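Next come two complexes, and both contain subunit A; in the first it sits with subunit B, in the second with subunit C.
Here is the complex of A and B:
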């Protein structure tokens, strides 16, 4: 067995230090901004602000199996049972301080919200802006159903400038364009490395699984623009390339390769990975972690500020279902997968609605699709025996298909 | 009685809006453009010589839409899609999708991929409180105008836009007058009829609607103010077009005197000001009237707006009616609730599984609120 990636330990250390720094920001004379996962973080880094991601925190809450309980508490305050559990986890944790990180997230000095992932974050950040009584900046990215219009481009570019004015005002200092230049380059470099990391999974057997990707994603989300992200992904990449050289697969005796769609089910990662591995199946890629390197082509490294608007607007969750299906088709070919597993995520409507149509749109690829209905952190919405039976049945279909093909 | 006549026109249309539209199409041949949200710039459609109407999600069973949308999507979106897929909207030439919530956003994609008709995405901003977004809003309306012109092979003149604005203004101001008359004098017309008027006005031929509304307003105004001692209720939420709710409330010695619903004041609130540039004028109404929770006009807007309504209309209690699975509306609720508690205003929140169906449980819960008061 390949065992754990060595980089994992390092990653844990980096994340621990990062949260420590955020926690003691006040003593370090630094400001903390809460920001959405798809938000434009680079200008914050350039200004020395510590970005904190409630969604990353939500993932940690989910992985620590606290999601159901924290959601339930928020429901007691009047939040609906049927809304995004990241929001409920965060609302609860910001009140009760329950969290896998001692004392929960450090309180924000400002909030930065981009709706390129969903409209939910808008409501979420409004709620927290009221609670913490801090300034809120909204980076509004018009949805790209079929085209990215000229006026939308102007709109986001104007907002990049508005964002900088907001930061100058909130922080009471001039924007550091020189630093921004460096941060922009580093950010792009990190995204390219992240892409290379994910690309290593095209190798057979795959040196990593989507579960690894979900874990190692944290840095590209939270700290892109910082040097440490680059050095970290360089070492991770080296480790994966080494595995490929020696044909070491993440899953023993990998026979079947699968693609995952939507957010992970954070509280069932191990169970799911073992379940699939018991069928000699590896989830080699996913649409979620790819979102942090899917827009590289839109960024000009010499004009990060001038091009980030388009890049942030065109991310996977902010485009039409047919474009999402095209992306999935691309992954099916690139990673040569035998099946698609779709997490129908009750929390995340923009990611989940349209999944049936994606299935229709990729019919020509002729691969089986499994849909698991659950939630990324709310463990009350997971029916183990049902999911297990469905995975078994799905794997039977895939095995059968392989057999027919080889006998073909 | 003449009053009864114009009321019965509204009632009849509200009872079966699609039958009315089908007839209108047969009689006039006018191009029919459906809309999925109150952010549709209807003036532009009217100025192109077409007829804008609201798709209200009439379907009760969802056999077609289930193949496209998970059961945890709100009934508005599922029923609208069902209307489209099942052919109930076969008279429609096109549909407009203004950007509002996540669910409507995906509905647009699914619609475009499965239902053959003209398709218009109106990529509105969500933040409305900055100059940059206001400018962008105007450009989006401009693009919609070009899209409509191209799709319908029509030319939209500034004059036509100004005329459409005047027509919609007359409808909006009549509607507002009507609401105000009723707030002053709640027994003058039944809540059920008010709901029917708004619902019908969202589909009716605009000239016919304007005339009929003026008639109703004319007949109801001039009556002396009669606050009748019944508890005064504000309904808050997205869509509540079900007449039964008003009756349940009125049977309990209370009366709905105001609402902030998409199927109510949010549809007609805000008269367009006389500005030179018609597109700007249209956009400004949307950024100045009170906004849908899916849009942003500062972090306190919804609470402040509710307080204002409570004061202006002497509200005794608030009934929140949410469509199950709806995020934008439900996220504001806990903070609104806290405000109401501070103000000592009783309230109740009910979730409707289906926006077009009132079940026993809902009935009982509303009864309970009114009894507690």
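Here is the complex of A and C:
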């Protein structure tokens, strides 16, 4: 057995220090901004603001199996069962201070919201802006149905300028373009490294699984633009390359390779990983963690501010299903997978809506597709024996297909 | 070689003994709350019925929701593969199988050789499952055995719009209050479940000929509604309820 990646320990330390710094920001004379997971964080880093991600916090709440309880509390306040569980977890935690982090998230001095991941974030951040009585900046990214137009480019670039003015006004100081230049380069460097990390999984056997990717993702989400992200991913990459050299697979005796679509089921990571491993199956890649390196080609490292608008607009969740299906087809070939596992996530509508269309669009790839109905953090939405029955049947179909192929 | 296939579902447990290319004996009991006890009882009664002892059985495969609780099974296999195998044995030309189980409904696509190439199962909701029919039959105070026949007598099927088992029950109460007749309401109930199943069939893509496996295949009303909506014949066999157990017994023949 390959065991845990050594980098895991280091990662935990970095994340702990990051949250400590954020918690004690006031004593350090620093400001805290809450920001959506797909939001443009680099200008914040350039201005020395500490970005805090309620969605990352939501993932931690989910992994700590607190999601169902926190969602239930929010439903008691009147939020619908159908509202995203990250939203409900955050709203509850900001009231009750229940959290895997002692005392919950540090309170924000400002809120940065981009709707490139969904429309729900707009209302979520408006609610929190009222609660904390802090300024809110919305970075509005038009949906890319088929192509990214010049008008769309002008529209988002204008908002980048507005964003800078917002930061200057809120922080009471001039924007640091020199630092921004450095942060932009580091951010792009980190994304490229993250892509390389994920690419190592194309090796057979794969040195990492999507479950590893879900964990190691935290840094590229929260701190991209900081040097520590680069050094961390460099060491992780080295460890994975070393595994590949020695043909050490993350899953013992890997026979089948799978692709995951949608956010993880945070509270069932271990169960799912063991369930698939018991079939000698490794989830070698996923569409979710790839989202943080999917737009590298649109960024000019010498003009980060001028190109980030397009990059942030073109992310996986802000494009039409045709393009999403093309991305998935690419991964199926790149990682040479035997099957696709789609998590139909009650919380994440933009990710789950269209999954059946995507299934139709990728029919030519001729791989079995499994649908798992659940939620990223709300454990009330997971039925173990039903999911188990589906996974077993799915794996048997894959095994049978492999057998047929080998028998010609 | 005498093999045993056990299908321990959420409502009923089925057992099939197989040898020399044909079914030796079959048996069915209600599960109750303990699937392990049900399997023991099923086994005992089946052996007595066939006048064989457990040592005569060479291999055992278990399937269904209780498959992992059967400690004397050599292997457990999911229902999808078992139903595919069982129905292919009984009706070799079938390409699409519809199985409405107690908790799960599934549509299974086979290739010409009877190999499962794709399948779809219902989402987490019980609306398109056998449980829906059970609840509705009770609401209509009809024995489940006569439920299908009753539906055939409906001339203007009532509109059941709720897809939720619980809400559909209250919808029926209000239809009764409005004075709609039993036959029409029952007919509407059967069309409602068939619509759920048809959307699953469309998801995998309909390939004819189609057959139904599982206990609900005995319900003539469901077959009729499915045929109307799919615009094709839906075949079945008197042994449909044993499709999964038979498939398991057949797969047990292949164990080395």
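In this section, the second predicted complex is superposed on the first by the 408 of 408 C-alpha atoms of A that agree within 3 Å, B and C clash if a C-alpha of one lies under 4 Å from a C-alpha of the other, contacts with A are read in each partner's own complex, and residues count from 1 in each chain.
By definition in this document, a residue touches a chain if its C-beta (ideal position, glycine included) is under 8 Å from a C-beta of that chain, and two chains touch if they have at least 3 such contacts.
All values derive from a computational prediction rather than experimental measurement.
In the superposition on chain A, contact of A:393 is made with subunit C only, not with subunit B. When the shared chain is aligned, subunit C comes close enough to touch A:385, but subunit B does not. Judged by the number of subunit A residues each one touches, B leads among subunit B and subunit C.
Residue contacts after overlaying the shared chain place A:320 against subunit B, while subunit C stays out of touching range.
Applying the stated contact rule after C-alpha superposition, one finds that A:404 touches subunit C and leaves subunit B untouched. Look at A:368: by the touch rule set out above, it reaches subunit C but stays clear of subunit B. Using the contact criterion defined above for the overlaid structures, shared-chain residue A:254 touches neither subunit B nor subunit C, since it reaches no partner.
Of the two partner chains, subunit B is the only one touched by A:130; subunit C is not. For the contact definition in use here, the residues of subunit A common to its subunit B contact set and its subunit C contact set are 344, 356, 373. Every residue of subunit A that touches subunit B in the complex is listed here, in rising order: 77-80, 82-84, 87, 115, 118-120, 122-124, 126-127, 129-130, 136, 138, 140, 142-143, 145-146, 149, 151-152, 154-155, 158-159, 162, 320-322, 344, 346, 349-350, 352-357, 360-361, 373. Residues of subunit B that touch subunit A in their complex: 67-70, 72-73, 97, 99-103, 105-110, 112-114, 121, 123-127, 130, 132-133, 136, 139-140, 142-143, 293-294, 296, 299-300, 322, 324-325, 327-328, 330-335, 337, 349, 351.
On the subunit C side of its complex with subunit A, the touching residues are 65, 77-81, 103-104, 115-121, 123-124, 203. Those residues of subunit A whose C-beta lies close enough to touch subunit C in the complex are 344, 356, 359, 368, 371, 373, 381, 383, 385-386, 389-390, 392-393, 396-397, 400-401, 404.
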